[in-house]
Each structure stands twice: as structure tokens, then as C-alpha cells.
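Same chain, two partners: chain A is paired with chain B first, then with chain C.
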Partner chain A sequence: MIAGLFIISLGIFVLGVLLPLAGTWQDRRIFRAGSHLCTIAGSILLGALSLFLFLTGNDIAWTAYQPVAGFSLSFVIDRLSAFFLLLISVVSICVALYAAEYNEHLEGGLRRNLLSGCTNLFILSMVLVVASANTFSFLVFWELMAGCSFLLVMYDYSRATTRKAGLFYFVMTHLSTLFVLLGIVLLFSSTGSFVLAPAGVSPVSAIAFVALLIGFSIKAGIIPFHKWLPYAHPASPTPISALMSSVMLKIAVYGLLRFLLDVFSPDVWWGILILIMGTTTAVLGIIYALKEYDIKAMLAYSSIENTGIIFMGIGLYVIFSSYQLFDLALISLLSALFHTLNHAIFKSLLFLTAGSVVHATHTRDIEQMGGLIHRMPYTAGLFFVGALAIAALPPLNGFASEVLLFISFFSSIAVADPLFKVLLFLCLGLFALTSALSAACFVKAFGSVFLALPRSPESGRAEEVPFLMLLGPALLASACIVLGLFAAQIFFIAGFTVPMPDMFLVGLLLLAMLVLTFAVLFFTASRDVRVTDTWGCGTLSQQPAMEYSGHGFSEPIDIIFSTVYRTKMKNERTFFDQKNCIFAEGKAEIRLIKVFEEYLYLPVARASYATAETVSRFQSGCLDTYLLYVFCAVIAVIVFLGWLA
Partner chain B sequence: MIDPALIQSVIRILFAVVIVTAAYIISTRNLISLVSVYAVQSLTLVFMALALWSLEGVTVLLGIAVVTFVSKVLVIPYFIASIQERIRIRRDIEFHFLSPTTSLLLSMALILFIYIALANILEGTPARESLFFFGAVIGLSLMLMGMMVTFSRKRAITKVLGYLSMENGVLLFGMFVTELPFIIEFLIIIDLVILVILTTILTVGLDSTLEEYHQRLHRFHLVGDTEDGP
Partner chain C sequence: MNLSFGLYLILNTVAVLLVAPLFVSIIKKVKARAQGRSGQSVFQIYFTLAKLLKKETVYSSHSSWVMRLTPYVSIAAMLVAALFVPLVFVPEPVGGIGNIILLLYLLALARFFMALAGLDAGSPFGGMGSSREMSISAIIEPTTIIVFAALVFVFKSLNVFDMFAASAAAGAPSTPTLILLAISLFIILVVETSRIPVDNPETHLELTMIHEGMILEQSGKNLALMELSAAVKLTLLMALLLNLIVPFGLTTTLAIGTIAVAAVLFVLKVTVLAGIIGLFESSMAKMRFFRLPSLFAMAFFFSTLIIIIEVFA
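Our next item is the complex of A and B:
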């Protein structure tokens, strides 16, 4: 019966794909609304059955299609899959509510139908990746997910920046698929099967793990494979940015966890590798986020940081498992999973509210915003909840998951090896730094966007968004609060006992402190009313240019991390005479170096291009040359059979 | 009844003849003698098939001998010889990648290389000591020598003869190593393909390099200009 419900939910998603496509020739809202309704209905059904399976621990299995023996599209939903399906469902419902209104304000006419249909296909592909029972199904739907997301990124293809972002994303996502494919092929060569079953300990499985880790890291945005995120997220329509950042990245996390838990027998160095990758990503991600002034790019970098935190949890899980510290391993794994859920919730909330702000102000530059709390109070309130959650302030959900990870780190005193202890405490220090910087980043974001005076005419004219664009984020904000306040109870219901404080009590305590502070201030403050203008250095009124800008706020942090933000100075001068004595004019430029792009991506791209040029010489168009290749190939086969086979 | 040892000796001599003809094809510049040498090589294969037939009594070998004799000793050489009468070029002096001397030296190395490779593959099996091992070595060598001719000569006609020689290598290898009925089928199809190619060449122009032949083919189809024809 449960399997039947799962198939029905898939069917509803398929209907959501077909409905707007059937009306492609008609630019009518009804088709798109129908599609979004299908997303919501399918997600509710899927969420309900995932929740049921997660709480009861029952599994369902189903083979949809088996063309030949060994190759089948099979699905299984166990607790891990159910957890991720629940995550997909919750975010999809809220995003669909938001998109039902947001998409109507987009340019593109009939393309909006395709956007709605393709969004459903994207969600469906993610559901099927998570539900895949074997590596063959996993790869098929992984590629479907990559293709759909590329099309969605390219929605506004008429812009050069979108085309560049799309191309960048296309290359990176297929690089990810290539590594995942390599890992799966290596596993198949080792086990002879596509089933997600233990592969044993061998050099081949270690290489397969590295290949899969790289593949999933590219998709999850782990540094140095992260560069597609700050391009693709700003270029995509807001609901797509939200889905990609909060759900698609988590599918990569799911892939890594699924292979680690079901297929591999991890060694301790695997955990160290994942932990170091996670820590580097978390620290650098938030440092780059602090420097961003494009609100969506800033959120993209923040996603990179949070994925790094999730990887830290997974790395700790592997390390503690290797040392047979299973209780600590479980806490680490739970912290990673809980942070996965929480990040999905608050990041989609932040993306949706940021999309509302961009929709109202027609700019993504936070320095052009300001004063929106008076014009968009509900959006400001919702963004504030998201910012509190991501800054890991109690009693919201971001704090609940990060505190678990802190507990795991503090418990690493149980590891006997002193070198590991040093490494773990170093990572703990960097994690604490990340949390602090994250708070600073969102203070800057909220302050620049919502407080003070508008810094552009568009911000001054901004209006609150329609109801549906508030409803989706409001549900997510509620989830942030509930998941934070009742974190301990949720773990208890799920069947886990974790050493974390009762967040509800913490919340009550904080509320009491707030009330007390307010009461003290209220009763002790002077009752004399004095009405006067703030002294404005002699000017008659406050001007936007006098405000504390985002640049100003982050300047001290910029100075501290100036070694990370490397700059390049460029001088161009022209002279009237040939001996360069009489200066005519000049231009000086100081710009931030895109370190990974300029020192990693571009050299690799240039080397690939040079290799392609060299290889293209082999295709000379001369028959004799081709015959020579055949001759050489035959000789190579004989050598292989005679000496190597 | 003929003594099997004598037949085996004859087959060994025929192996030597095949190698000599292959070496001649790879090194000669004379187009007239090329066809005759090819016919001699094919005839050697016919004798070899007959010798094997007398040794093993498999009638398919007799079929191979007949088909080979008709197609490769009579029809194809006749076809090519009749074409050669029409063209004036008697020598092929244009080479690609390898000169005849280098090709010859490379062929010697190639035979040695294949001998060692097959010896490694068949090490410890009864086939290692038998006549079939030499058949396989000579067959593979002939195939690769034919391939060398196809890419080292520029004239289309020499390439075709290289290809035919290569196919003789496949036949030889098949006679000694693999299943026969399949090989017969294969041979017939390949021979038909070659006949088609030869006919096309006859139509458009034989006295040319392959590049020129392509150009002529294009011109022939595009404007119907036949002044460049044979």
C-alpha cells in the first residue's frame, strides 16, 4: 500500500510536468497553477509517507523496469531515504507556494510554462535519486537531475551572464557525473553488481571512494569545486536557486552518506580527508560570503559554508567509527543529518525572501537596498528569522544542529591518538570561527538590506510582496522555530537519545530574559520626552550616503583576512612622448583576485584546450594516417595479449 | 595415401612462399608484376588449402580452395590486369610514412614479434608445437604486412592489392586457427566489397593517388565533367 502511495506521488509529479507542457502554446496562469498544485499535492503525499516510514522504520522496495538481468530501475525507501524525501517534500511545498506567484512576475511568456513543468521534473529526479535501490538507477536519475537543473539555470538565457553561468554549471555538473560514473564502474568491476551492498576492503574500493567523493563534492560545492554556485544561483529564478541550494546540494550529501553507510568500509584517512575538506570549505566559504554584495551570491557562498559543516559532521562520523567510538559516531552523523535538514529549511527561507527583495528593488546589490523593513515588514521579519537560524543563535534550528556538532568535537578527547586530537581541536577552532563569521555576515546582510534609509530610488519605491510569496517563507520560518525549540523531542521521537539541552527550556529562559530586560528598561527609563533631530554634522537631514554601509561593516574583517582576499593592482599609463616623460593619462585598478578561478579553473581549462588542439591533429583527414592508427592498435592488442594479459 | 609428414613439409615450404610473395608486394615498385605476385600468393593459399584437406579430410577446405582459386587467382587478377592495360602508369614510386626498405625491415621484425607473442599466448598448450602455430604466425604477419602496404603506398591500386593481401592473411589465419564456415562467408562478402571498389575505381580513375581520386569523384558527381576520367 505504501509503495502504491509512493507511485501515486510520482504520478502526480509527472502530471505536474505534463500539464504546463500541454498548455505550452497558451500563456495562461491556470496551467502553471495546476503544475504548482501538483507539486504541492505530490510533496504532501510523499512527505506523509516518508514521515511514516522514517518513524516506523519500515522499508519499501519496488522494481519499475528491468530491461536485462542486472540492469534495473529499482527503488527502495529506508530510513535514510525517507529522511531525505521528507526534506525534499517540505522545501518543495513551500517553494511551489512561492513560485505560484513569483513565476507570474517573470519575463518570458510561454517559457514560464516550461519553467513550471521542468521544476516538477527536477523535483521528481531528485526524489528518484534518493529512492534508487542500485547504482544504475542512481546514475540514471542523477544525470536527469543534472540535465533539468541546467535547463532551469538557463531560463533567462538571453542574458550573457546567464549563458556564462549555465555553461559553467553544465561543465561542472557533468564533471561531477563523470566522477560518480567512474566510482560506480569501479565498484561494478570490484563486486560485479550494481546493488548497493558492501564492497569489502580493497584498493579498488578506495579509488572508487575517492572518485565518488570528488563527484559528490563538485555537486555539493565543496572547495575547490565550488565555483559554479556563485554563478548559477544568482542567474537562476529564485525558486530554482532555493531548490538547488537547499535540496540539490543535499542530494550529493545523501549520495556520499549512502555509499559510506551501505557500500564502503571506511578507513580513518577517509574521515580525515572529508573533515579537512569540510573545514576548509566552511571557513573559506563564509570568508568569501562576507566579501559578497550580490545577495544571492552571498547566500550561495553561505551554502558552501554550510555544506562544509555537514561534511565536517560526516568526517567526524567516519573517524569515530574507525576508532570504534560508536556513540560519538552516531552523534556526529545525527548532527550532520540534522544540519542538512536545518540548512535546507533556513536556506530556502533566505533565498525566497531574498528573491522577494530582489523582485521589489530590481537589484541584487545590497548596497543599493536599505530601509526595506518599513516597506516590506513581513519579508523583513521572515528574513530575520532565517538570519537568526543561519547565524546559529538559540533557540532556532541552526543552533540546535551546530551545538550537536560542537558536542561531537568536544567529545573527541576520547580519541587516543594525540595527533588526531590536535587535528580535531584545530578543526573545532575553525568551526567556532565559522559560526562567528556567519553571524557577522548575516548582521551585515540584514542591516544593509532592511535597516536605515533606502540607498536607491528603487528601494524607496519597494512594496511588500503578494500573500503567496509570504506564505511559503512563513511556513519555512515556522519550521525553523519548531525544529529549534523541539529539537530534543524530535530526536526522542525518532528514537535517538542525544546529549543536547532541551531547547524549549532554553527558549523559555531567553524569553524570560528578554521580558525582564524590557521590563527593567521600561520601568527605569526616564519618562521625560525630548523631541529633537539627531545631530547630523551640520546637515539638515540624514542622507543615505551617511549610513554605515555593508562595505564599511565588513572592512575590519576584510583587513583581518586580507591574505585570503588577494588583490591585483593594474596600472595603465600613456605618455605624450616616446621616452615616457610627459604623462598624458592613466588608469589604476585594484581588483579582487578570483583565486580558484584564476589559479585552478583557468589553467585546467587552458591545458584541456591545448590537449584538445594536440589531439585534434590526429584527425588529419588522411586515410593513410587512419590506417596507420589501425595498424598500431592491432600491434597494441597483440602486445597486450602476448605479454600483459 | 600421401605421407602426412611430407604434406606438413610441403605446407612449411608454402609458408615460405607466402612470406616471399608478401615481401615482394611490400617492396616492389613495379605495378605489372604486383598483380602476378598477388595471384601467385593466392595460388599458394589454394595449394595450402588442398594440402590441409588431404591431411584432415574436411571438405570445407576444398570449398575454400575452389572459391579462392576462382576469385583470387583468376577473376580479381584478370580484372586488375585489364585495368592496368588501360592506364599508362607502370610504376608506383610514391610512399607515405615508410619506404620499401624500411617496410621490409619492419616486416621482418613484425614476424619475429608475432612469433614471440603467439608463443607466449600458447605457452604450455599442444598447439604450441603444431603446424597450426606457424599457420597463425604467418597468417597474422601477412595480415599486418598487407596493412602496411595499405597505409604506406599512395596509389589506389597498390592500396587495393595491399588490402587483398591482408585478406589473404585473414584466410590463412582462419584456415589454421578458427572456424571455417564463418571464414568462407566472410571471404565472399569481402571479395564482393573489393569487386565493387575495383569497379568504382575503373569508372572514375585508377591512375591516381587516393586524394586525387576523391577530388575526381566529387567533380564527377557535381558537374558531370568526365575529362579527368581514365
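Our next item is the complex of A and C:
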């Protein structure tokens, strides 16, 4: 019966794909609205179903198609899958609500029908990846997901930047598929089946793990494979950025967890590898985010950072479970999973509200915004909740998951072996740095976008977005608050005991203090209020150019971490006299180096291009030469076979 | 939640609010004496706060609800944080009150709001203060967390209440590590409360100010709340340092006699520490902003070194 419900929800998604496609000859809103309604209905059904499965711990299984024995498209939903399905459905509901309004304001006429349909297909493919019962169907739907997301990124294909971003994404996502394929083929060669079952300890399984880890890292945006995120997110329509950042990256996390839990028996060094990858990603991600002034690229870098934090949790889990510390391993795993859910929620909230801001101001440059809190008060409030959550401030959900990771770090110091502690200390310090920098980053983001005076005429004319574009984010914002306040209770209901402080009590205390202070001051202090100009040392009118810009805000951090940014400054001057007093002319230049692009991506690209050049010399197009090749090949085969015999 | 905990909530909050301003002015007094001035009375600050409450509140026309909400959030966060650090009486912890990580992040909550309020009016001073505050707080964070991790490691508990109870039972620092950690805690105290050599609490000069820059646009009762929350923050950090290192008088039983003795001892201890902070500030110049990271790096390696020694011992 429950499996039937699952199939029905898949059917609703398929309907959502077909409906706008059927209406492609008519540019009418009704088809797109129907499609979004399908997304919402399917997601609600799927969400309820997976919540039920997650809480009861029941499994369901369904084989959809089996052409040959051994190859099948079959699905199993266990607790882990149910958790990720719940995440997909919660985000999809809110994104679909938002998209129903947002997509109408996009350019592109009939293409908007395709966008709605393809979004449904994208969500469907992610659902099927998570529900896959064997590596074969995992791979099939993984590739479907990659294809759909590529088409969605290319929505605005008439722009050159979008085409470049799309192409970059296409290459990266297929590299990811390639590595996943390699891992799965290696596993198949060692176990002989596509079933997700323990593969035992062997060198082949270790190589398979590394291949899968690279594949999933590319998809999850782990540094140094992260470069596609800050290109693809700004280029794609907002609902798509939100879905990609908050759900698709999590599918990679799911893949890694699924293989770690069910297939491999991890070794300590695997955990150390994941932990180090996670820590570097988290720190570098947020440091790069601070430098960004394109709001969507900044959010993309912040997603990279949060994926790093999730990887840290997974790394700790692997380390502890290989040391037989199962309590600590559980806490680390829960922190990773909870952060996955929380990040999905607050990051989609931030992407959607950022999309509203971009929609209202027609720019993605935060230096052109400002003062929007007066013009878009609801959007500002919602973004504010997201910023509080992502800066890990109590009592919101970002803190709830980061505190768990802190606790598992803290307790690990008491038990791990000495050399290990040094590594853990380093990672702990860097994690704290990440968390504090992300607070700085979102003070900068909220401050530049919403506070003070508008810095461009468009921002001055900005208007609040329509109701549906507020409803989706509002649901997400309330989820942020509920998941934060009731974190301890949620873990209890889910059946886990974790040393989590009771955030509801803290929330109550905060509220009580707030109300008490307000009441006391209301009765004792003066209630006179005067509204006047900002104090400006005697200047008569305040200009937007006088306020602190986003660049100015992050300047101290830029300077402190200048070695990380590898900023190159050049200053050439010529003088008329020999004592260098009378300045003639000069040139000053500050160049930001895209470290990974210039030192890693481009060399690899150039090398493969050079290889292709070399190989292409063999393709002369002349029939005689090809006959010679065939002749040589035949001789070589004969010699080889003779040598074998 | 039992009766003694309820009583603790009320008593601790009232006590913190009463004594916090006093400690700020003791530091000021010591600094004035060190500079050869007689300085204002240590009770002047109470009159100043009362005066601020009576004045009208001025808001910038560009400011929003962030500016209006910040003073309340700031004081609320500080008062809740103060509940995490018992001054004289340590009850049994209830529901995660006293969690050391939560304590740190409550301070971060107040800072987040304060930094946004600094940007709200569009004044360059506020922005400068916010930017510097967020940068400094970010680079001191690794040191803070390492020191806290070391405390958790030494006391085998995540809860400040348990740590205090353990150190009260021991009566004196239980390990040499604690004394060394006190130095790190002192550095954290100086940084978190915006004192020399990191920030100068006395001036409104744009070259030096960080914390004062952020609250430059605050006035009237809002300014009083900001000043008070800064004082509460100073008190709770001093209490954290003192009750761990010199826990004399700290009591775990709810009896009027012991609490009265503990209260007197506590005020004495804090006065001595405030004197030390005052002298420390007087003997030092404010550091250039971009020299600070190297100071913090020193603090970080120092604390890591201590912990590693402890860990390998």
C-alpha cells in the first residue's frame, strides 16, 4: 500500500513533466501553474510518506523494470533514503510555490513551459537517485539528474556568460559521472553484482572508494572541484539555483553516505581524508564567499563551505567508527545529517529571497543595492532569518547542527590517540574560524543589501515581491525556527539521545529577557523619540557614497587572509628627476588570482587539449594511411596472440 | 525546573545587573589613577545610566527596525549568557543551561545584531566599527574554541556549572594547565570586551574605535542598554576566569550565610582582577589594527601548546 503511494507520487511528478510539454504551443500560465501544482502535490505526498517511513523505521521496496537478471531499476526506501526524500520534498514544495510566481516574470515565452516541466523531471530524478536500490539504477538516475540540471542551467542560453557557465557545468558534472561510473564498475568487478551490499576489504574496493569520493566531491562542490558552483548558480534561474544548491549537492552527500554505510568497511585514513577535505573546503569556501560581491556567487561559495562542514561530520563518523567509538560516531553522523537538512532549508531560503532582491533591483551586485529593508520589508525579514540561521546563531537551526559537531569534536579530544588529537585540534580551530567568518559574511550581505541608503537608482525604486514569492521563503523561515527551537525534541522523537542543549528553554529565556527589558524600560525610561539625520560630522546631506560598502566591510579580512587570496599588486612609477620626487606617470594594478582556475583547471585543460592535438595528427583523412593503420594493427594482434600462445 | 534553579535565575540576573557597571568603573578608576588623575567616583556610572534612561532616543531617518531591536536583543542575549556563568551560587544544570558552546554563541548573537545596527544608519563610523569587530571576532574564535576545548578536556564536562562545581570542590586550581589556561582566558577577555591593546573603550576617534564606533548612533535608553550589556559581558567573562582559577567562596548549597560570604569574596576577587586589567591597559599602547592577527596567532599557538603538553603528559 505504501509502495503504491510512492508510485502515485512519482506519477504526479511525471504528470508535472508532461503537462507543460503538452502545452508548449500555447504560452499560457495555466500549464505552468498546473505543473507547479503537480510538484507541490507530489512533494506533499512524498514528504508525508517519507516522514512516516522515517519515524516508524519501515522499509518499502519496488522493482520497476527488469530486462535481464542482474540489471534492474528497483527501489528501496529505508530510513536514510526517507530522510533525504523528506529533505527533497520540503524544499521542492517551497521552491515550487516561489517558482509559480517567479517564472512568470522571466523572459523566454514558451521556454518557461519547458522550464517548469524540466524542473519536475529534475526533482523526479533526484527522488529516484535517493530511492535506488542498486548501483545500476543509481547511475542511470544520477545521469538523468546531471542532464536535467544542465538544461536548467542553460535556460538563459542567449547570454554568453550563461553558455560558458553551462559548458563548464556540463564538463564538471560529467567528470563526476565518470568517476562514479568508474567506482561502480570497479565494485561490480570485485563483487559481481550491482546490489548495494558489503564489498569486503580489498585494494579494489579502496580504489573504488577513492573514485566514488572524487565523483561525489565534484558534485558536492568540494574544493578543488568546486569551480562550477560560482559559475552555474548565478547563471541559472533562482528556483533552479535554490534546488541545485540545497538539494542536488545533498544528493552527492547521500551517495557518499550510502556507499560508506552499506558497501564499504571504512579504514581510518578514509575518515582522515574526508575530514581534511571537509575542513579545507569549509575554510576556503567561506573566505572566498567574503570576497564575492555577486550575491548568488556568494551564496554558492557559502554552499561550498557548508558542504565542507557536512564532510567534516562524515569524516569524524568514519574515524570514530573505525576506532569503535560508536556513541561519538553516531553524534558525528547525526550532526552531518542534521546539517544537511538545515543547510538545505536555510540555503534555499537565502537563494529565494536573494532571487527576489535581484528581481526587484535588476542587479546581482550587492554594491548596487542598499536600503531595501524599507522597500522590501518582508523579503528583508525572511533573509534576516536565513542569515541568522546560516551564521549559526542560537536559537536557530544552523546552530543546532553546528553545536552537535562541536560536541563531537570536544568529546573526541578526550578519547582519541595523541597524534590524532593534534589533527583534531587543528580542524576544530579551523571549524570555529569558519563559523565566525560566516557570521561576518552574512553581516556584510545583509548590511550591504538591505541596510542604509540605496546605492543605485534601481534599488531606490525597488518594490516588494508578490505574495507567492514570499510564501515559499516564509515556510522555509518557519522551518528554520522550528528545527532550531525544537532540535532536542526532534532528536528524541527520532529515537536518538544526543547531548544537545535544550534550545527551546534558551529561546524562552531570551524571549522572557527581551519582554522584561522592554516592559521595565516602558515604565521607567523616557518614551520620547526623535527621528533625524545620521550624524555626519557636520555634512548637510548624507550621500550613499559615504556609507561603508561591501568591499570596504570585508577589507580587513581581505588583508588578513591576503596569502589565501593571492592578490597581486603591481605599482610602477616613472619620475622626471633622478631623486624620484616629480612624478611623471605610473600604473597601479591589483589583480585577483583565481588560484584553482589558473593553477589547476587551465593546466589540465591545456594538457588535454595538447594531447588531443597530438592524437589528431593521426587522423589525416587519407585512405591509404588508414589502411596502413589497419595493417599494423592486424600484425600487432597476430604478434600478440602468438606471444600469448 | 526546581525551586533552587528558579531562585538562581532571578538572583543571578539581579546580581549581574547590579554589580556589572561597578566593575567597569573600577577599571576606569584604576586607569585614571595610573595616569595621575583622581578620576570620577566609581558610582558615577549608575547616575550616568539613570540620566540616559531619562533622555529622548534619537534615530537616524535611514535606520530600520534593526537599530530599534538591537539594544533589546543585545541585553537579552547577555543576560541569558550571564545565566550560564554563575557568580556565587552554582545550582544543578537544567536543560543545557551552562553549555559552554551555547555561551559562546549567545555572545555571537549579540555581536551579530550590534554589527548590523552599526551599518543600519549608513554612517561610515558605524560601518568601520562593524567591519573591524566582525574581523577581530573571527580571528580570535579559533583561540577561544581551543581554550574552551581544553576546559572541557580538563573538567570532563561541557557544562560551565559542572566545571565550577568541580573547581569549587577542589578549592584551588586542580592542574597547572588551568593556570596556564588562565592566561589564554585573560587574552580572550581583553579581546571580547574591546580593551587595549585591541580596542580603546575611551575614545571616539575613528582611527582606534571598534566597539564605540558600532554604537555611535545609539542614544538615550538604547545607549544605556548597550553600555549595560557591555558591562554584563565584562562581568560574565571575568566571572568565568575567576571562578575557574580561584574558586574561593563559590558555593553549591543554597544557604544565606555561605552565599553572603561568597558574594563578598566574589566582589573582592573581581575588584582585584579589574585592577589588574586597569594596570594592564595603562601599561600598554593600542596596537595597530593589522598587527592584531599576529597577537592572536601567538595566543592561539600558546593555548594549543599548553593543551598538547597536557594531552601528551
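Simple rule for what comes next: the second predicted complex is superposed on the first by the 571 of 645 C-alpha atoms of A that agree within 3 Å, B and C clash if a C-alpha of one lies under 4 Å from a C-alpha of the other, contacts with A are read in each partner's own complex, and residues count from 1 in each chain.
Following the convention adopted for this analysis, a residue touches a chain if its C-beta (ideal position, glycine included) is under 8 Å from a C-beta of that chain, and two chains touch if they have at least 3 such contacts.
A quick note: this is a predicted structure, and the numbers were derived from the prediction, not measured.
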Can A:M500 be said to touch chain B (first), chain C (second), both, or neither? second
Could you look at A:I276 and tell me whether it touches chain B, chain C, both or neither (first, second, both, neither)? neither
Kindly classify A:L514 by the partners it touches after superposition: chain B alone (first), chain C alone (second), both, or neither? second
Output check: A:G642 vs chain B and chain C. Expected answer is one of first, second, both, neither. What do you get? first
Winner on chain A touched-residue count between chain B and chain C: chain C
In the overlaid three-chain picture, which partner chain does A:V630 touch, first (chain B) or second (chain C), both, or neither? first
Which holds for A:K421: it touches chain B only (first), chain C only (second), both, or neither? second
Now for A:E555: first (chain B), second (chain C), both, or neither, which partner does it touch? second
Residue numbers of chain B touching chain A in their complex, please. 96-97, 113-114, 116-118, 120-121, 140, 144, 147-148, 150-152, 154, 210
Quick check on the complex: what are the chain A residues that touch chain B? 623-625, 627-628, 630-631, 634-635, 638-639, 641-643
Which of the residues in chain A end up touching chain C in this complex? 371, 373-374, 380, 388, 391-394, 399, 403, 406-407, 409-411, 413-414, 418, 421-422, 425, 428-433, 435-437, 439-440, 443-444, 446-448, 450-453, 488, 499-503, 505-506, 509-511, 513-514, 517-518, 521, 524-526, 528-536, 542, 544, 546-548, 552-557, 559-560
Report the residues of chain C in contact with chain A in the complex, numbered from low to high. 9, 13, 53-66, 72-73, 75-77, 79-80, 83, 94-97, 99, 101-102, 105-106, 108-109, 111-112, 115-116, 119-124, 126-128, 130-132, 134-135, 137-139, 141-146, 148-149, 152-153, 156, 158, 216-217, 220-221, 224-225, 289-290, 293, 300, 304, 307-308, 311-312
